[in-house]
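A quick write-up on the structure given underneath.
Labels for the chains are A, B, C, D and E, by order of writing; each one numbers its residues from 1.
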Amino acid sequence: MAVIASPPGINPRPPFDPAVLLVAPAAALMVMFFVYPFAYGLLLSFQPAQGGVFQNYIHFFQTGDLWKTIGNTMQLALPATVINVVCALAIAYATRSKSPNQRLLSTLLVVPLTLGTVLIAEGMLTYFGPQGWLAQSLRWLHLYEGSIRLTHNYWGVLISLVITGFPFAYLLILSYITGIDPALPRAAATLGADGWNRFRHIYLPLLMPGLVMAFCLSFVQAFSVFPSAVLLGSPAGTTRVIAIAAYEAAFEQYDYSLASAIAMIMGLAQLVIVVAALGLRSMFYRGPVAGGKG
Amino acid sequence: QPVTLNVVDVAGNLALTQDALEAFAAKNPTLVSRITFTKAPAPELPGKIRAMQAAGRTDIDLVLTGTDALAAGIALNLWEPLLPAQAAKFPGLLDNYLPSARKMQDLSNGQGIMVTYMPAGPLLEYNPDKVKVVPKTPAELLSWCKANPNKLIYARPANSGPGRTFLMGLPYLLGDKNPKDPMAGWDKTWAYLKELNSCIEYYPTGTGAVMKELGEGSRDMTVTVTGWDINPRALGVVPKSFKVAQLNGFTWVNDAHYMVMPKGLSPARQAVVLDLMAFMLKPEQQALTYDAGYFYPGPAVKNVPLSAAPQKSQDVIKEFGRPEYADWIAKQPHAQPLEDKAMVAAFKKWDQEIGSGKAK
Amino acid sequence: MSTNAWNAGALRDRAWRALIWGVIAFFLVNVGMLIVAVATNSVATRWLGTWLPEAYTTGWYLSAWKEFQLGHVLVVTVVVVFSVVFFSLLLGVPAAYTLARKDFRGKKLLMLLFLLPLMVPPITYGIPLATVMYQLHLAGTLPGVIIANMIPALPFVILVMTPFVEQIDTNIESAARVFGANTRQMFIYTLVPLLAPGVLAAGLLVLVRTVAMFELTFLVAGPDSQTLVVALYYAVFAAGVRAGQSVDAMAMIYMAITMLWLLIALRFVNPTQLVSRVKEHPVNA
Amino acid sequence: MAGQQNAAANGARKNEFRQLRLDGVSRQFGGANALDRLSLTIERGEFIALLGPSGCGKSTALNCMAGLLPLTSGSIWLDQQRIDPLPPEKRGFGMVFQNYALFPHLSVSRNVGFGLKMRGVPAAEIDRRVAAALDTVQLQAHAGKLPGQLSGGQQQRVAIARAIVIEPPLILMDEPLSNLDAKLRIEMRSEIRRIHRAQGCSTVYVTHDQDEALAMADRVVVMKLGVVQQIGTPQDVFARPAKLDIARFMGYRNVLPVNVMQSDGAGVTVEGAGSLRLPGTAMQALPLGSAVAAIRPDEIVIGEGPNAFAGTVETAEYGGREWLLQVRTVFDELLYVRSAAVVTPGDRVMLSAPPERVLVYAKED
Amino acid sequence: MAGQQNAAANGARKNEFRQLRLDGVSRQFGGANALDRLSLTIERGEFIALLGPSGCGKSTALNCMAGLLPLTSGSIWLDQQRIDPLPPEKRGFGMVFQNYALFPHLSVSRNVGFGLKMRGVPAAEIDRRVAAALDTVQLQAHAGKLPGQLSGGQQQRVAIARAIVIEPPLILMDEPLSNLDAKLRIEMRSEIRRIHRAQGCSTVYVTHDQDEALAMADRVVVMKLGVVQQIGTPQDVFARPAKLDIARFMGYRNVLPVNVMQSDGAGVTVEGAGSLRLPGTAMQALPLGSAVAAIRPDEIVIGEGPNAFAGTVETAEYGGREWLLQVRTVFDELLYVRSAAVVTPGDRVMLSAPPERVLVYAKED
């Protein structure tokens, strides 16, 4: 360790904090294996099979069944994300406290995470099918005789997004919630805050950074929905999501250039929402959630 | 020095040919030390091969594919030309194919060798308890459908073999201008499909879902192909008692699987692969492709009777097969499926004009 | 009067609670039935619109096992998934720490670098990535598959972990440092235990996503490095006839392997954070 | 809306309570009794101090009163109403937490205004009252900061302001002045007393500072290991600790083994270290024989006098107003003594103690 | 491994340091100076107390020394080595945090053993030393608990044990006894002094308790608003505060406006409230005319004597050893006075103060 001799008053402290290096390995991996392929894809999107540099993009926005996919995807992804995050928040909040069954319950609620889109699709087709258990039970109970249409349409995809997305959001939000020092809601209670106000004024603001992150990740996941949109939706109609368009361009027409362009548009559409959400996040308190000593 | 061959199947063909491929390895230990089998969905494969070839390292030796990936590979220039360059390896190839199958070989543009063949459809499959009067023409089908709304079902053509066979077979049945040109020549077909649309509740995205609904009794009729008729009944998805019918004067829209070789292999490996391909066309190997009726009949070459197939295969086909098929295959004309570009265009048009109409 | 008001409050509370538990029960029952339906179908010989199948068989599992050489595939899957989870946590948690705690030039750009892989679909970069991997002789090998899967997994870990790191009291880090812990030790002895629930959550989610990651795995995998999802997708999307039961059997195997990990992980770490577990007063002694 | 009116109504009713009664309140943690059958009646307007060694259950007692800890057994009554099943927010008590428990995401003024907001007080009035409370704790200049940007003492004052601003009928304070400097502490003490008197509320005040307890409280509750040892006026507790333990805790640092020679009601004469005879006051019924005498360092007088005995100064520590001495005498233990005059180690001094300040207790086992 | 040896080696080297020098150390928070050009040299073995009102920058100073806060300007030197760019873990100091900063996930004993573990001390020795440290702070019984299960005072003692167990060359303590009861506090004080002496380390000790500073420190640093006001021995700072401010902070509660009538070196005679004349001691160069006199309540003597003046007791508060009186005299302000005898409001008393304890300062603006 060299003795640093410099006149007092001037700080030799390097403007560079070595802890920043902790991000280096991750960044290096991304630069090595993501940046080049991504740049390649980006360039490719500007090299259409025919036409000018922006031809792919022009094509996208001029073709009805392409640009409409953005709307279709948003119509699926936003409600699904909101449902997931809101339900996960409510349920995680209700199940946050220590109780004998809390662990069992949280495990049960997380389990659907492991199902996989295929199993969910198969399960929904079987269970919600015209002769599935649900229909049979309803008929047996004389509750409803008609046909249940929960698959091969918008609702099928939405349900499957909820089944996969809810546990995801739940697991995240539950862990975020339990990071909050329980002394704070207790303090709020002594100040007269009832359950709702404690949630509204203590938990919610402190959770906001985590919630926004959970929202972003849920949204990104829902936005790129593909297999269930095909298996459970009507990929020619309302659930023709943008990933299907990209898929068809890449793997049916083998127009990788157009596919890249669609994928770029897809990324951009998500970026708009995600950046907006992250911007919102920076408006909230982010920091330690402890309230004093001890 | 024996090599390890990497075989990729994107068509479900290994069910028919894996035994034969392994037999080759067993018979030629000096050429092949081991064969690895990989199964993959068709659409993604060309991308993978492209990535390999861009890096100059192809490590897939043989691809078993249907017409879709075959055409994609041709368009992307992925396959090694086989004919006429390697014609010497395949003496009398074309003459040896079944007459009805022969034209399917042309689809490969000399870059693939057809290995199995199915005349496919379109056929109607129905529940004999519910359908007493079986439609004989497209018009009767339409009126039956209208009389029994939501009882006819077929899958989105882009995701379903029977669906697309039906789509491609209709222009022949309806006498459209140009059955090979879905955009300009299919006026009657599109009009018919639109009409039919009114009595169909929705289009599942996969034949599996169709067969399930048919099997459990939610629907009474669907369109099918030979393999999808026999095999699901053998598997127990559809009751054995269900029947098939033909529409009068229909034209078979055929289907086939091909063996192709990606570019970029060393000459030594190429030689082995070519030997393997030739081996696969021998009658003993072809007889294995009867299997469980999954690609009925299966063999692409002449003189491979069912009796040459393994006993198990014979038993299944005896129980679930349709004696009438032989007759239909012999009597009805055969046609090739649409070319790849036209097919994609047809799917698109179907999606836009038929499928999206069902959006709720 | 006030008692009435109080009762009204209690009533509202109870109604809300009932609603929540109702939703939970509804969700669990339906998802449970859905799983049971698939499980039943996967062992059914024939199940045609009745309450229960005609007869049962394990044949679908056996044939799927044989057809896809699942023994080997499962080993590969486990190795790949474990490695991806491990390495993305190893690299991701420190990175998240830095992004949450430090301010430095280029941080915004870095954030974008970590956001993009989550948002652009692998279609864009999958093929060029595979090309690079083939050139580096990484494709077709396990390390190649692992690295490819880390492209979306690592940013995911970073984003999930950032709020967790922010929640932790900086004083605790300070204390660790004052008492002689260097950065590595501070991580091992204080941050990681305190972040355990976050690490667990991130790990589980990455696990699930990696098990499901089809495109990148497929593009860079060789014949010996395919994972389960490739087999599953083949079963679902490949041309040709396949019995629903067979697909269901595959889906069940897929679920079983993910769930096994989930249960193991939850067995050892509770998703609730320690702070709250200790400070939450035991309801009754 | 309904909730707010409700709270206000409740608050109004509770403001009129006459007494808070704890009845055998106990709390265990994993089998160990942190609080053992605490029974205590707090009259309206009373200022109660809880005093006791670290870990004796003071905070536990406060938490039980506030409704933050469920009781293991016992009950709490507000006049005729049993309140121990009520959640904290229904009790309407104010509390200063030992560890502050400030809301990290709210500015100082919003932390302080939180309770008022929950009570549905109009914004303008909140502002006014928050400003006044911040004034009281001398934090006007820091109103906009977040708790994380405050010094320890500033945080503690925010916690105080937050509790007093809601003018609760009962205010619970857990060592609210521990992190403040002497000057501020004295100022805050009188502020708290003033507010207590002005609002006519009851206060339960935990402190480890005897001066504070003595100066502020109407009654002092002395606890040890979760059990109440003595309840009395400050003078009582301070001058006449009921047990040797309490005496020790109250600063009777000199505890000497003696023999009771003669007992005459409260007045006893004891003999220590062989021959020394001291008159003292018996705090318990005492048989003749072994006992202990407890004397505070500051009650030992330096200088000649009746009953004086000699000693040698061993150490002398500067203590601001006076010197703290350790003096070797005939007793085995060194005696702690305070001296206003400068004394240096080695000096010989004569010591004596007034009989009423020599407290004699039965010997401990 | 390398890191540990390195740390050990460093530790060994630093153990031999002769002095720690702060040179114009400043720290700003968003423009406001929390610490302003602090220059201070701490000799090996010295016990320094930092004293000052809440929010004056004491904790900031400690954090700067520990390396937890980067300096805005200035430098810190350990003998010849400049250490302010060194990260905290390289400095090897011990610290008791004002807010404890215990590791919530580690049991008490593992909290205490943390520093030793980081230094690569063998497990058996860790156990031994941890047990000894827990003994010192009287927490043996709680060794297995998590910090969240401890009372406030217990947590604070864990923080103390954690800092002393590593036997650092410099130990920084931020109000380490604030949450302890009087008895324990006095015991801990002497433990800390003992350890300080036994290990020969230097200690910087922040406290708000003047008694503590006076009893423990070799030198006291008095701060205000981030600026050092006075550095001196406890006696100096206590008996002769350099400024009126410091005097106020030091408990000179009676600050009276006076006129300097006559000045004779340090001895001055002042006149207050019209006619009253008092001899006093000038703490600064004083012109004749307006000034202020500061007197501690306990240095006002009750009883007749030279310079005595009369007053009426307004309030009397019990303060344990004595009564705290507020007495109305000729001055406008009430005088704070202590009385050992029982006095009741309304009594007339005569007051006087020794001239050397009447400190006269220039008038504040």
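Here is the rule we use: contacts are C-beta pairs under 8 Å (C-beta built on N, C-alpha and C of every residue); 3 or more make two chains touch, one makes a residue touch a chain.
Note that the structure is predicted; figures quoted are calculated from it, not measured.
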If you walk touching chains, what's the least steps from chain D to chain E? 1
Tell me, please, which two chains come out on top when C-beta pairs in contact are counted per chain pair. A-C
For chain B and chain E, what's the span in angstrom between their mean Cα positions? 90
How big is the gap, in whole Å, between where the Cα atoms of chain A centre and where those of chain C centre? 13
Roughly how far is chain B from chain C, going centre to centre by Cα mean, in whole Å? 37
List, in ascending order, every residue of chain B touching at least 2 other chains. 43-44, 47, 206, 212, 216-218
Residues touching two or more other chains, restricted to chain C: which are they? 9, 48-49, 126-128, 131-132, 169, 171, 233, 236, 244, 247, 275, 279, 281-283
Which positions in chain D touch two or more other chains at once? 3, 29, 68, 98-99, 152
So in the complex, the part of chain C that touches chain B is made up of which residues? 45-49, 67-69, 126-128, 130-135, 137, 139-140, 215, 218-219, 222-224, 226, 230-231, 233-234, 236-247
Any idea which chain D residues touch chain E in the complex? 29, 51-55, 58-60, 98-99, 142, 149-154, 157, 174-175, 178-186, 208-211, 214-215, 234-235, 238, 248-249, 251, 253, 296, 298-299, 317-321, 324
Residue numbers on chain A that touch chain D, as the complex places them: 181, 183-184, 186-194, 196-197, 201-202, 205-206, 284-285, 287-294
For chain B, which residues count as touching chain C in their complex? 6, 8, 10-12, 15, 36-44, 47-48, 50-52, 54-57, 59, 66, 68, 161, 206-208, 211-212, 215-218, 227-228, 231-232, 235-237, 239, 294-295
What does chain E use to touch chain C in their complex? 3, 7, 63, 66-68, 87-89, 91-95, 97, 99, 101-106, 114-115, 117-119, 146-149, 162, 166
